[in-house]
Amino acid sequence: MKNEHVCNICTADANELIHVDCASHIYPDGSLGIHGMCFRVLEKEIVALCGPNGSGKSTLIEHLNGLLRPTSGSITVMGKKLDLSHINIWRDVGVVFQRSDDQLFAPTVLDDVMFGPINMGITIEQDRMEAIRALKAVGAENLLDKMPSYLSGGQKRLVCIAGVLAMRPKVIAMDEPTSDLDPVHAEMVENIILNLKNNHGISIVIATHDLDMAARISDRVCIVKDGSIIAEGRPSSIFYDKNLIEKSGLRQPNVVQIYEGIKKNLGISMENYPITADELIKTIASMIR
Amino acid sequence: MKNEHVCNICTADANELIHVDCASHIYPDGSLGIHGMCFRVLEKEIVALCGPNGSGKSTLIEHLNGLLRPTSGSITVMGKKLDLSHINIWRDVGVVFQRSDDQLFAPTVLDDVMFGPINMGITIEQDRMEAIRALKAVGAENLLDKMPSYLSGGQKRLVCIAGVLAMRPKVIAMDEPTSDLDPVHAEMVENIILNLKNNHGISIVIATHDLDMAARISDRVCIVKDGSIIAEGRPSSIFYDKNLIEKSGLRQPNVVQIYEGIKKNLGISMENYPITADELIKTIASMIR
Amino acid sequence: MSELSPHIPDLDLITFYSEKGTTLFSRISPWTKGLMLVLIILFVSLDKSLILAMCLYLIVLALYFLSGLPIKKLFQWYTMPFIFVLSLVLILIWNEPGKPIFSLDVPYLPLTITDNGLLLLLTLLFKSLASVTYSLFFLMTTRYNYFSAMIYRVFPSPIDQVFLMSYRFIFITLKMVESMIKALRSRGGGLLKSARRQSKMFAEVFALTMIRSYDRADRINKAMEARGFNGRYVAATRIPRIGIGEYFTMLMATILMIYLIWFAKLPF
Amino acid sequence: MAHIHLPDGAFSIQWIITWWILALIILGLCLYWLKKVKKIDNRTITLASMLTSASFAIFQVSIPLFGGVHMNLTSLIGILTGPAIGGIIVLIVNILSAAIGHGGWGMIGANLLVSMTEVTVSYSIYKALGKFNLDTFFKAGIGTIIGLLFGNIAMILIILISGIQGVSQPITLYDLSLIAAVNMGVAIIEAFITGYVVSYIMRVRPDIFRR
């Protein structure tokens, strides 16, 4: 199972939505945001970006919809190469920022969610419908005329997601969507992410420190270190590669740690690779039986 | 084991450092920060405050060193009742805020860490020694003359802790010390917390959403809901009370969920209550053997 | 805000009341309330009579009270206007011609307060309180999104854009400053002895506020661009129109004002 | 900081209108320059908004000196943004201040003239000192002191010209000297703080100035 995660990314693919080709970004002060970054997003998948603080996850995310331009390398979105002429990329790729307060600027929730659609230039009435549909999709339609500053952390996050959803993007990138949220709200956001993929066919990129969550919901995990992706693959393959994970300055998810701990404690080896709590429970129960 | 967590807090105790007696705080706009809050901190212990978003954890923490005054009820620190005359409480109780950026304001790390000691009015030389000692205690002495704004998230957190430590407080309260940190940095902070308790005899209060961490490091867990503590006790007793946890708008820690899942799957009941990954591994290993 | 200084109106509290919007006055068109503000300013600038100033103040205070707004807070917030009136007028009211009430015997500098001087002080005080109270009443009974929409209509670009966004950002920056000050106080700042250290500490906080505001602005701008911001933010809220009754009331108020100022004969 | 803290009702109506008209002309010039010459972009707008709210937030902080001082930091805004954007920022700060009872609505015109004086003079002095080999702290500090001095003069002129409604004896410079003195005392603190802030920003984030 090891070594499945080779970077074979640079071959084009039919159902590829975003293709980042060896992009580098140097910030004005000289610090390296990303470096030789190769990354892609396929149709209808959830990709998790995992990496230590300062590894370049947020920088990558801001490249996905053209907020930052690569210093070298190129980015292709929906088959169109991103250059200065292609300014409508924000319609295809939505970004949910880590700090909700950065995103919510309008006086009411409705105004905020309508902001994207209004910029797309349909009629106000349609924009309003679009906004309400998005709010319903995240289960926040009752917040309509609240003031964003007075919402709880979890509610703010939901509104941010709705604001992006209202533009009906093909891809949504979320920067640490669950940090600061209590477990119940975090679960809510998790379910919305899964729902967006399964019922709306949207691909989702999440940057996160919560490797257990990444293991639970993502189809593919990319390990980011020092500005580039050093490994990618299915969660079960990546997270069981202890060397890789430690080398990247991370820790294995709880579930994996527990499972490996048990195996080590018993001195046995196994062919199973549980990565969610449910899988772990089943595996262990079958071991005990 | 259930029902061990009764609120018998309101009896005074010899080695009690902080005693919050039925304190309420109403914010100017009428929202209830805390309400009938009874809470205490004993010598040399780690207390975890767990509760959903907006339950009042931060509000409680800001009461502990007099940043907020209770609207009703009273707070006793080191046997002295907190009233307007007792303004030196910041010497005894240090607070590490959730957002490091709020706390680091000086141009260099050393300046920032020295800020507290200078306010305590010893000589500058001594203040510097104190600051360096604190930086060493958190393993950040090499950052001495860096600029705080250029540090990584984890490093900033360490400097914040040092800044509080430099005042040699008896109690340190930390508001979500590990959110936003990658797993390695989070572990570092966890170890520092344990070290502060074990080697420096400091009591520590942490507010956190990471119940697994709370389970790992705390001696006592307080469940906060709607502004008051609805239950408290040892982690093993609190976190195994599924009803209580769900009622409070939380989720059981991963370890507990896994353990209970296994028990349920097998249809057996157990007398063990593992709450850390290590304990769980041992328990399960012994079940399998 | 409340943490920063108790005698300055707390924006959070103001917004809390305006968003609650339960009183009769929250339902009146914001335009009407705005025009009434203009009327009151005109009145206060034209009026020379103490009685009128006092009546106006009492009426406005009654409006404020009837709306269920916090009276105790209001009196705290009067601190600044009070100081402003006193700081200038106290210098100027001495030796006004009129009946002497009270004299200070300073060598070379005979200081006398006369009835006219006192009248002047009180008149100015009531005028100022009337306008302050009405402003706060206006703020606290009008929803934030109406204000935004009004700003959007009234001001030319780009002032409207800057105004709209800064109005939103104020909540962010206030939180930011507040938490910084809290963090400082938690380490014993805030009661420093030396003025030099005191100013240095605040300078550091202010510098950081500026830098962090800059970074925040950058991020917020990015977030807006990520949703297609093209330099024009539209406030979509519809403001309730001025009703017939409201037009009538304003007309009556104007007539009354003209009468009182130019035709009524008042003792003082 | 020099701010005509006078409430509504202090100036007579003709002077209120006069100062407003002058202020509107100056604002018009700012807008014209921003639209035709500078061509401001989104980012500048967001930035100006953030500085406006930062300045307002800073104003709310009570500095425990002499029983509590509040600072507008108009000179700082001038030095950071220049007169054109500075004009818009001080306009909004003045409106917001009036809304919470800090100076009257009618006074905004006059106050804007005072603030614009501070912004423009501080900015020009700071720029002019750029040629000299001076510490940033002193450049900004000197700019602020001189800016505030001129602001103070403008304020006194405006009050002397308009008079206070109902005060029958003529107001003399002598009457206002106490206010001027207090203002200049606060100006020294503000100059120190502005100098410190500018040099701090120069040290930590020089890119903010290189736009």
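Letters A, B, C and D mark the chains as written, and numbering starts fresh at 1 in each.
By our rule, a residue touches a chain if its C-beta (ideal position, glycine included) is under 8 Å from a C-beta of that chain, and two chains touch if they have at least 3 such contacts.
Remember, predicted model here, so these are calculated numbers, not experimental data.
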Any chain in contact with subunit A as well as subunit C: B
Most contacted chain pair (by C-beta pair count): C-D
Distance from the mean Cα position of subunit D to that of subunit A, given in whole angstrom: 46
Centroid spacing, where centroids are CA-atom means, of subunit C and subunit D in whole angstrom: 18
Chain centre separation in whole Å, for subunit C relative to subunit B (CA means): 41
Subunit D, residues touching no fewer than two other chains: 200, 204-205
Subunit A, residues touching no fewer than two other chains: none
Junction residues of subunit C, two or more chains touched: 165, 168-169, 172, 176, 191, 204-205, 208, 211, 216, 220, 224-225, 229-230
Contacting chain pairs - touch in the sense defined above: A-B, A-C, B-C, B-D, C-D
Subunit B contact footprint on subunit D (complex, rising order): 200, 203-205
Residues of subunit A touching subunit B in the complex: 51-54, 152-154, 176, 179-187, 209, 211-212, 249-251, 254-255, 257-258, 261-262, 265-266, 277-278, 280-282, 284-285, 287-289
Interface residues, subunit C side, partner subunit B - complex: 2, 10, 12-13, 16, 73, 176, 179-180, 182-189, 191-192, 201, 204-205, 208, 211-212
Residue ranges of subunit C touching subunit D (in the complex, touch as defined): 1, 4-5, 8-9, 11, 14, 37, 41-42, 44-48, 53, 77-78, 80-81, 83-85, 87-89, 91-93, 95-97, 116, 120, 123-124, 127-128, 131-132, 135-136, 138-139, 156, 158-159, 161-170, 172-174, 176-177, 181, 190-191, 195, 198-200, 202-211, 213-214, 216-218, 220-221, 224-225, 229-231
Subunit A-touching residues of subunit C, taken from the complex the two chains share: 15, 19, 144-145, 147-148, 165, 168-169, 171-172, 216, 219-220, 222-230, 233-237
